[in-house]
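Look for chain A in each of the two complexes below; its partner is chain B in the first and chain C in the second.
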Partner chain A sequence: MSESRGDTRTVMIDTLARRAARDLLFAATAVGVAAVAMAFTVAVLGFDPLRLGPAFLDGALGNAYRLGSTLALACPLCLLGVACALAFRGGVLNIGAEGQYLIGALTAAAVGPRLAGLEPWVGVAVLLAAGVLGGAAWALLAALLKLGRGVPEVLSTILLNFVALRLLEFIVRGPLVDEQSIDRESTAAIASAAILPQVWTAGGLHAGVLIALGAAVLLQFVVSRSTFGFRLRALGANPIASRYAGISTASLTAMLMGLSGGLAGLAGAVEISGTHHYLTTSFAAGYGYTAIAVALLARLAPFGVVPAALFFAAIETGTRGMQKLPEQAMQSFPTVMKFVAQGVVVLVIVLLTRPRTPLGTPDD
Partner chain B sequence: MIELRGISRTFGTLTALSDVSLQIPRGAILGLLGENGAGKSTLMNILYGLLRPSAGSMFIDARPYNPRSPRDALQRGVGMVHQHFMLVPTLTVAENILLGMRGVRLRLNRASREIAAFADDVGLPVQVDARVGDLSVGRQQRVEILKALFRRVNVLILDEPTASLTPAETEQLFASMRRLRARGVAIVFISHKLKEVVGNCDAVIVLRRGHIIHAGDASGTTPEVLAAQMVGAPAFATLPAPGPAASTARPPATASPPMLEVRRLSAHSRGIADLLDIELHVHRGEIVGVAGVDGNGQDALIDALLGIRSPTRGQVLMDGVDLTRAAPRERLRRGIGHVPGDRRRQGLILDFSVVENTCLKTFVRRPMSHLGWLSRRTMRRHAAQLVAEADVRGPALDGPAALLSGGNQQKLVVARELHAHPRLLLVCNPTRGVDVAATAAIRARLRAARDAGAAVLLVSSDLDEIVELADRVMVMYRGTLRPSTGSAGDVAAIGRLMAGLDL
Partner chain C sequence: MTDALHILTPPFALAIGRQGITETVPIALAALGEVVVERSGVINIGIEGMMLCGAFAAALAAHATGSPWIGLSAATATGALCAALYALLVVRLRCDQIVTGLGLNLLAIGVTGIASQRLLANQPPLAPAGTLAGLDPLALPVLLLTLLVAWTLYRTMWGLGIRACGDEPLAAASAGLSVRGLRFSAVLIGGALAGLGGGHLAIVIAGRFQEEMVAGRGFVALAMVIFGRWSPSGATLGTLFVGTLMATQQNLQPLLRPDQIHTLYPLMLMAPYVLTLLVLSAGFRSAGAPAALARPW
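== the complex of A and B ==
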């Protein structure tokens, strides 16, 4: 603590750079170890990792369309990952991004068909707002249970995921069903005014990608630079000291839950507005669970979620690419391998995360 | 006989221990003194296998001793009782003692009887089937010592064992130590309290900045000599004059309304009264001491005054304003400062940087933030100023507060609270586990705050501290608060109230 006060700026940047470098090294190690483990696993299964590797990259980035697909998939993963990272950073264990995502998509799909005739940007804004509100409301249920009855949010949010899924199925088949559809498993299409514009036609990429990127950047600044972010980090690091410092932990917990749910709901609405345009009963793909791994790989830093989401999206599209290899043998490559890959990454993350023990520090 | 030869330990560029050699014969008590950061904990962690020395060698009974873990240390008969106990509160005494032992058949009844017999035999009787969480701090410490002894330990390291004990419990501990010495156990006694070391140890070693600067018989020295050696002579020149002289010179300002007024305050948890009809006034410019054995409702009182817990009955007024139902933030905003008893849990966020910790209560306000965005340069400047002012020594402003030593953490908390010029200051055991020089500095700052017009409520289980600082003394006993009618220095009267006796 002896450095002079003049060079505070450089010191600040120095620590930031060092932290970024450390997190990057962490992520690179996790990804590297996972890649080696995957190569080994596919070799044991009788496939040739040297041929599958390039096929993986080709599937994820091979041409404009594939790259576009990867980016489009990264978009909900990024918003959901930021939702998880934010809540976890504040010590609120929201495992319910999946459910909040589904409810967000549901409210967006319910509002969508009624937006005909609006200015395009108004239609999109209303649709996205509906998604945010739906997701936030669903998350606040868990906050109410926690603050009112002391129900741990880990339990309530994960259970509400199942409720959300059944609720979605019921409403899509019932009140919101599109009478013209053949299988009666989908809602009516949203109005064209509520559809997100394309930003890259060759890749089939919609503007949701900019929303996801914007949210990650904005929330990174909020977490590290705002008083709200300070409170959030304080609550996550030491709730007791936070209370003694005058932080209202109950309202902050509720606020965080709502914010996290709102972001997850936004992801659902972006998917409806940008990709699907209507809701089907097969909408749920488990992105809300993948997002937990995304947030962990990003070390709970909102901006770190961007590369982490891209990575998990690439696993998905890359494994699709592996199945498109010409050889017969390769076509039997199991899609479940993507879950193996995700699982290995999570395991490596957990292994690399050192438990915090004060041993080995100089004297007390 | 345990022997250390030329032990050194470095952390990066910091030399925590340098060429330390010492011997501890069987049946002797070695007192280990040193300021925070002098290297005491490093030395003990090396002895106990938690750290490996960078250089040097150790021997037990002339055989090389190189522990790689506490398990190795225990196998060679070296045990340690940490300042923060390592007990499972929900398990019984017997279960805690057996926990982690190899080759124990889980026949608890028989094992319990064995432990009870063993405890009686070594002169440390305990109730083996009591839940550890229900025991007093002194009893829990006894369980820790038994845990080590039951593993056939013959070198016992006690890390600041008296820091959280009442005077009576402290006396019991010394009696236990003497019994263990008679049984041939070698004891390393780490303490900040010089009188305890001189009065109860056979030999004394003083560490300063990783070096042994004094080693000799305890009988051949005095607390004054040791204190000078610990802190280095110049530090003594800056010690302020003792309190009573200052406090007698100033009449309490009873003319103005009290800064803090507590009326019939009660708080209950699960039907049991933690606070019972508390009546309390603290005026501007006075220090009211609350003496008492830990666990008699002091925490509940402070939490009720801060709004952390809500009372079942009664009123809290500050400068005439009723704050009984006000949120913690509202009370802090009105000028309540708080130096908590548990700085690591309540006062600091250890993962936060020193800068962030110095702004823990002011980050919402200008100039620390503007329109919801932190002004990091202002925060940092503020932190640098506080750190310089309070002479907090540690790794870096941007490093986590966890890396500061205990005494420096406390200096940081005190500096933060006093910098805001609180109108009412609540202080709990401000010098517990803090070295001599830091203790003097902290007490001087409290007096200065009082003299500048703050109303100070000092809760302390250290009677010397109360007598030295307080203008008036109250005593807490089982949730009640009674004034000590005698003078502040009437230790006998305070002692009777602490024990629940009438005056």
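== the complex of A and C ==
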């Protein structure tokens, strides 16, 4: 690069293009290795991967309804992925998207039944706001522990995930239980004014897809073009240098944590408002953990989260397609298969992006 | 109310104590291993997954041979094997330690889940490992191990090297030590102990393998390493708190009416994580952390 003496703009565009190409190559490699790993797993179990491939694609994209399901599933994954990408970009290790998502769904489901009689868009807005606030508050607990007591957020957010899961179970069975339900495992349905409208009826797709897409575009802009985005990238790249540059790292960390938690909470509220319409104790599906793989596959770029979320959503719905095959053993297959894909993607990305040997340390 | 007072009687307290020790053992094993790992400058978030792999291997081996001891040995070996993969990635190839650990955890859930559905479906409960001096079979070994780890870390050349790698790897390398070799050995030991802890969970506590049965115990162990300020005795003591709470919570269940259990059971399951968070926020000052923790070499 150094021999190029052309204007800096050309050089910048050149490096940006090169970086985009490299990110794309990394993502493609990770997806490729994950596909091979899944095919290998299936083969080890004694099935013919070539026969399962079409079933997989059919399950993910086979008809309007299945495509719609994949897109609907990509909504929470996209919002959660953006939440993780944003925090990781700023060097804040928020592994708690799962817990923040559950609390967001919980606050949304608590507010939802009380919104009857409101204008539809007001009802939806209030429900989503409740989810954002719930998720943000849960994330701020971890920020408080980090800034006040020095507890590393990696650990506090993971532990808070377990707390959130049990808290959800307790509140759904206790204070919020729908007295009419037989098993006492669900809350009352939210008011119709709080339900997100459908945007594609054939696919059963709700307007959450527009919210997810909007959030990805908006945050891509915030991260790459705003002062706040510059500060957060600086914090992620070098916290000490950021402090010397006059950035208040503590308040920025808290803000990032709150924003990340708010997005995760929004994902929970969108799921309640768009898909479930009430909360059950079996709501948790580990999407908050999937989101970590989503964010890494997207190379922490909010807009890159969109295709990454679609990929992991397709894995989830695609494996449901396998379930419909005649083989007995396939019926309990899908839920764990996705973890293999997620783990492989995370490990391949981490391997490809390992740091070069810095100065002063022995070379390989 | 009279029912509730029954908890104060000596036999009941003794039962809680004994069960508390059993619940402590797997977390203490993982935490002791993690003390060694973190003292060498590596943080292993993947111990959760290593425990899970250990639990699976223990169930598989114990089922195949009928011997709980072969099961526990298989768990230890499997934990070390997972740790070798982890060490290859983070020590040799210098990958990000946190992200690699998270990736391994995900992979462990997937692989053990698929393999157990295939190999361990509808198996009868595993043969129990019996007791040692009236206590959990691994209770005394854990106590001895705590002393052994402390002695090794503070009184041997190897321990000095490990601590040097964790605090100032450049100095360790200048003194002619192999930072990577020492860190590799520490990670292997940590993985072996985490695997053994998982094996104990499957053989002694549950009597079988269940998907995602580790349920955050690895993360609790990580927290207790911090609470114990990276000392072996501190880590074991910290896990004893959590183990005792788990046992208390299980012994309180019969005192509740069935309809109360339905709503209150989640709160009881939540208690160990809340306690861990409280203990962490009450006791934690970053002093004592290895200076080069999570810094690749």
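Everything that follows uses one rule, which is that the second predicted complex is superposed on the first by the 331 of 364 C-alpha atoms of A that agree within 3 Å, B and C clash if a C-alpha of one lies under 4 Å from a C-alpha of the other, contacts with A are read in each partner's own complex, and residues count from 1 in each chain.
In this section, contacts are C-beta pairs under 8 Å (C-beta built on N, C-alpha and C of every residue); 3 or more make two chains touch, one makes a residue touch a chain.
Because the structure is predicted, anything quoted here is derived from the model rather than measured.
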Request  = Tell me which partner A:S156 touches in the superposition: chain B (first), chain C (second), both or neither.
outcome  = second
Remark   = Between chain B and chain C, the one with more contact residues on chain A is chain C
Task = Please work out whether A:L351 is in contact with chain B alone, chain C alone, both, or neither, and reply first, second, both or neither.
result = second
Message = Quick check on the superposed pair: does A:M337 touch chain B, chain C, both, or neither? Answer first, second, both or neither.
response = second
Request  = Mind working out whether A:I247 is in touch with chain B, chain C, both or neither, as first, second, both or neither?
outcome  = first
Task = Report for A:F228: first if it touches chain B alone, second if chain C alone, otherwise both or neither.
result = first
Remark   = chain A residues contacting chain B in one complex and chain C in the other 360-362
Message = Quick check: in the complex, which residue numbers of chain B touch chain A?
response = 11, 14, 16, 36-42, 45, 50-51, 83, 306, 308, 327-329, 331-333, 338, 340, 345-352, 354, 356, 360-361, 363-364, 369, 372-374, 376-377, 380-381, 384, 387, 392-398, 402-403, 405-406
Ask   = Once bound in the complex, which stretches of chain A touch chain C?
value = 41, 45, 93, 95, 145, 148-152, 154-156, 158-160, 162-163, 166-170, 173-174, 177, 184, 289, 292-293, 296, 329, 332-333, 335-344, 346-347, 349-351, 353-355, 357, 360-362
Query = Quick one: in the complex, what on chain C touches chain A?
reply = 45, 89, 93-96, 98-100, 102-111, 113-114, 117-118, 170, 173, 211, 215-216, 219-220, 222-223, 226, 262-267, 269-270, 273-274, 276-277, 280-282, 284-286, 296-297
Inquiry  = Residue numbers of chain A touching chain B in their complex, please.
reply    = 1, 3, 5, 8-9, 11-12, 15, 225-230, 233-234, 237-238, 240-248, 356, 358-364
